[in-house]
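Each of the next two complexes has subunit A plus one more chain, namely subunit B in the first and subunit C in the second.
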Partner chain A sequence: MKKLFSSMLTVTMLSIVLAACSNPGGDQSKNATNEPQNGGSSPKTETVTLKFWRPSGNDAENGAISKLIENFEAKNPGIKVDLENVPFDNYETKVRTALAGKTAGDIIAIDAPTMSSYANAGALYDLTSFMEADADLKDIPEGILQSMKYDGKYYIAPISEANIALFYNKKMFEAKGIPLPSKNVDEAWTWDQVLDAAKKLNDPAKGVYGIDPAQGFGGGEGPAYFKTPILWQFGAEVLSPDGSTAKGYLDSKEAKEALTFYQSLYQTYKVSPLELPPDPFPTGKVAMFVDGIWDLANFTTNFPNFKLGEDWDIAPLPKAKRQAMANGSWTFGVTADSKYPKEAWQLINYMTGTEGAKIYADMTGALPVRYSVVDQTPKMKEYPYSVFVGQLQKYSMPRPVTPAYPAVSAAIRELFEDVGQGNRDVNAAAADAVKKIDDAIEALKR
Partner chain B sequence: MLRIIHFLAMTIIAVLCLLPIVWMVLGSMRSYQELFQYATQVNLHLLIPVKWTFQNYIDVIFDDQNPFLRYVFNTLFVASTVTFLVLLINSLAAFAFAKLSFRGSSVIFVLFMSALIIPGEVMLVPNYMLVNNLGWLNSFKGLIIPSTLSVFGIFMMKQFFEEIPTEILESARLDGASWLQIYRAIVLPASVPAMITFGIITFLGNWDAYLWPLVVINDDRMQMIQVAIANFTSMAGTEWTKVLAANTIATVPILVLFLVLQRYYVQGITMSGVKG
Partner chain C sequence: MIAGKQYSLRRSDGITGFLFVLPAFILLLVFVFIPMAKAFYYSFNDYMLVSGSKTFVGLKNYADLLQDTKFLNSIKHTFYFAVIVIPVQTAIALGLALLVKPQFKYTGFFRTAFFVPVVISTAVAGTVFKLIYNRDFGLLNVLIGAVGIPKISLLSNADIAMNGVIILGIWKAAGFFMIVYLAGLNNIPQDLYESARVDGASKLQQFFYITLPLLKRTTAFIIIMTTIDAIKLSGIVFVLTSGGPNSSTETIVYFIYKTAFDQMQMGYASAAAFILFFMILIISVIQMLFLRSKVNY
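Here is the complex of A and B:
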């Protein structure tokens, strides 16, 4: 708890420092005027070294990135790429500290929803002209293009997407004689159906819970990624369309309905575990588990005896009034202080273009962003990938786009903790969350 | 009767303290699949592996991309150097505060002490920018030199040095010894337990350092242990068995150090606590 607090304190402090260090517009224009000079004065034979920072992934992801860099260096002899894999948990701490000292990598990986906060602080290089010239933007679904833009300008390019669905333990369903949910993307179970099944599957004596609706109560961006969709599914929004306030949205009737339902899973019906053990699904501690596509590979390698199709299966994410889940995954951006924005863009364009993204998708099993890559990857049209791809293209939406996003994310995490874990009154908890978000939006205006 | 109760209470506390370490060591010898399989109910396999394996150690040590033993060596080098410099510099400072009378000594000491209330997180960015301007980023210098001042250490050693009778030092002065000679011949030999205590605390602190190495070091090959262990966590989850194996390896040097110096450590804590 102390560690959590101190790391939260760090990130908050750093956000303030980053905001204070920025001089809006100044960095961008300086770079824009410097760039042609750099290009003109430095002879082509000189080797450019690009620093590339990203949070460390699993072995497959790290291997895929290394492979992409190798290919890129082979094609561009004048450019060398210096990759650093930073521990995932404290990646942003490191990036924000380095940005304040103007020593961050030329290319940094960015979780899509945090982009506005970086862009607003003037920390990112405007990639719009590069992208419109050679990124083939028509190949990217509209919903995802929205998540790459802040204030009408493109700052980031995504290499892959992610998506979440309902994982269920087939053996447990069969033992209780419960009909299995459909694998068709358009036939998602309603939360009421899920609750019915959860009540039958719940078996406290054996330590089995019915459902974990949104990955328990963790830290970081995970809670916002998994829990915001519950609000959307019940018809609520987090912010007003212009992003100016959460009042009337996060505390709307629909939002309270969503929160009350979420609370009832933990407190009234007790079908959800207040404390989630590690890997609860493959070890048989929860019967239904909302989880991401990345765990397909994890379960295959780490739990070879737990087989897809025999022991477990995947169904579309449950709905209430509508189907919804968040898009926006890891992307790449160029820092405003980079000396080589053009070369940095070349690397990003290779990695996120059709060729690079295809290699990445093949090696990691992540969801491709580009239509062209999906077309070239037959397995994406087959179960279980079809569920994730279908949801991504039809029902996914970006998390609120606002420079106050770090505060929004924290407020949503605390809101769901308060009502689910703390059994707090839904009205009071929602009012608190609205105030936190509106205060943060207000503070940014000053 | 009282002895038995004491003995029982101590045993229970010892078992409670050891349990996580035993779980870590035994857990590092299981496959990932079974690590949490038995974690929610009390049974034999909660601790004892069903199938023993050393694969985790092999994976951790023989990883080409992240050579763990190299990180152990890096950390050993940095932590030992820092410990040596910290002991030298801060004990001299403490000696000056305790025994030398110079103008403004108490004001300077209060200024030093006030630094204790500033949390490390607040100083992260200023320190980072300073180290950057000095050109020490991504080097062991950047890890070692900013760590050589320990305000807590100065405070602790000052308390200890004040116990040494001033009369002895004064008679040495009369016999013509310089302050540095007095420090080496009289003060230092008298303060071995305190120095060892302080040394262990410093070494442990640097062995466990995470945030500062995380931001200062960019080259993977120069990384410290704790950052390397944190690298086993990614968005796709944590490779717990590797974490346990790496932690077991990382615990060994500390355990050896502590076993050898244990006697002095306890002595040092009790002595620095006694007043008058």
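Here is the complex of A and C:
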């Protein structure tokens, strides 16, 4: 306790020193770059301009961020925020090129699993002292804290979270007389129960599939987000705890069980569609569908006749040996080359702190990260949100935290494609995936 | 005196000419040649995108690439695409051009209809074809099912997935080359056909002895362009398949993009880009030598 106190004291002192150091610096460079002072009537506070890059989201998300910035600027007259909403598809490419050219914004939005490659490359500012001083880390679930850290240091702060669950077509369940799964977070169905139900629900003649276990097959980060949890649920890990190898983990007995089960859904029992049509769940083409909280709004707006509670319901994500799903959504970090890390942190701290995160959650309907925000948002305690929030707080874990993450993500996508779509031997496919990841880890050491 | 005057005139002409060329030259230099030279330099380095860490590794990137099964497979997929698309698409373009060349009442409509796919954005076309190709619910399988042909899985069967990309590619590009062929056809003097008719040549003979030879330059242009487009294929792959299933539709350019911006291995990707550059260069030079036409009219 004494030790903790003294270390906190050191951190606080350190941040005061940092603050003291950074202020004159900020002022100086401001003097150098600002327009000549006008008539002298305006307040004498110098303004700092923070460049803030994020991928453009939907209207609600963009509106919420603008609102947060407005509030922040009103409270901090000395800081102006120059927001750039980058088109989503170009965002990662733009950020990566800009980081290499050292021209990225002061604050950048970061998809949590890519953080470690940026941090390892020295592109991010270490926020540990700031965070420990004033981010109230105890207000954040442990599983999420882990996704914010690389090498023991905090680099990013999340504004919202996401979570996935089992969506099921209630009418189809009732038609076949299958008992409905529980809505209680701690009573998830096992994959065996899911498979049983899927076999009964499967009806190829009518074009109905039993279950889509992980959003079919696609590109990008989606596959790793939806498919890594299947490995975890069967008791496997992707990497060794120290992140040095995938050997013995991604090709472990447990991992192969998970892959064999996944393969059997497509190839043995044929209860899962190899090619997903658009919107398969609300159009009744799959009876069970693993999907994310973000589709709640999509279904309500675009399929008003497909009603939650009447036509469909949400159950916790299936488990095998344990319950697990990935956390890590969009977060904010400060670039290492930023001239105003302290001011940048102030903005991030406002946006991701209780007040800002509450505004964001209210305006967008996204899952709040902080316990305090959940407590202040009654709807988060009610079904269907309770399923997602409960899972997030109890069972979510970060995707592998390693600078080789891009290679890990690609290897997992290809691995599940290989065994699911390609019906490839699980041993050979796992061996290939291990090699791809280990080669990438090796290459980073050079 | 006269000689001196001429000299100074020529000299000022030279300066004027140089000034005219200068803006274009600077643009090319800044936006094409310098980046190319830099990329060539990076291809000999272990250059990571975000960190910008660079270590000179000589030819290692090139040597590794030649043993990288993913890269070699992407070359294979690209060439499979090219080998089918070049003859088939060229034949279709020529066929369409011959169909819409005669002026009838609805010629304008058909010319437009065949050209429309060229104008449609790749993203839209890819999304629509994804729907058409879908194994269980797509239009394609409904149609061929009606005739009694078993279902085909263009999006999930690795053995045939590239053919789905090929069909979309041809559908998308044939109309453009139809227009080029149309221009070529309109350049052939009509009197040649008239005299052939007088001599009693059949339509088929007219096609093989007049039309085809006189289209040789157009054909050469089209084949070279199609080859370059085919080898640079990537947009369709992005929207239709994302390289899957089982990486069976990953093309060279797709591989380069993923390596550079997903895996952030800029040096490795630059080396792959230069291998691609030299491949296109060599193929184009060979094609130009073979397709060089001596026919003038």
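One rule holds in what follows: the second predicted complex is superposed on the first by the 401 of 446 C-alpha atoms of A that agree within 3 Å, B and C clash if a C-alpha of one lies under 4 Å from a C-alpha of the other, contacts with A are read in each partner's own complex, and residues count from 1 in each chain.
Basically, a residue touches a chain if its C-beta (ideal position, glycine included) is under 8 Å from a C-beta of that chain, and two chains touch if they have at least 3 such contacts.
Bear in mind the structure is a predicted one, so any value in this text is a computation, not a measurement.
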Check whether A:P304 is in contact with subunit B, with subunit C, with both or with neither, and answer first, second, both or neither.
first
Quick check on the superposed pair: does A:D279 touch subunit B, subunit C, both, or neither? Answer first, second, both or neither.
first
In the superposed model, does subunit B or subunit C contact more residues of subunit A?
B
Examine A:Y118 and indicate which partner it touches, taking first as subunit B and second as subunit C; both and neither are also allowed.
second
In the overlay, answer first, second, both or neither for which of subunit B and subunit C A:G207 touches.
both
Looking at the overlay, what does A:P406 touch: subunit B (first), subunit C (second), both, or neither?
second
Once the shared chain is lined up, is A:T93 touching subunit B (first), subunit C (second), both, or neither of them?
both
Check whether A:G57 is in contact with subunit B, with subunit C, with both or with neither, and answer first, second, both or neither.
first
Common interface residues of subunit A - those touching subunit B in one complex and subunit C in the other:
93, 97, 100, 207, 277-278, 285
So, in the complex, the side of subunit C touching subunit A is made of residues 46, 48-53, 55, 131, 133-138, 153, 155-156, 158, 238, 242-247, 258, 261-266
Enumerate the contact residues on subunit B facing subunit A in the complex.
32-33, 35-37, 39-41, 65, 119, 121-122, 124-125, 128-129, 132, 137, 210-211, 214-215, 218-220, 227, 230-231, 233-240
Of all residues in subunit A, which touch subunit C in the complex?
92-93, 96-97, 99-100, 117-118, 120-123, 207, 217-220, 273-275, 277-278, 285, 406-407, 410, 414, 417-418, 421-422, 424, 440, 443, 446
If you look only at subunit A, which of its residues touch subunit B in the complex?
6, 9-10, 13-14, 17, 51, 55-58, 61-62, 84-90, 93-94, 97-98, 100-101, 103, 207, 277-279, 282-283, 285, 294-295, 297-298, 302-306, 330
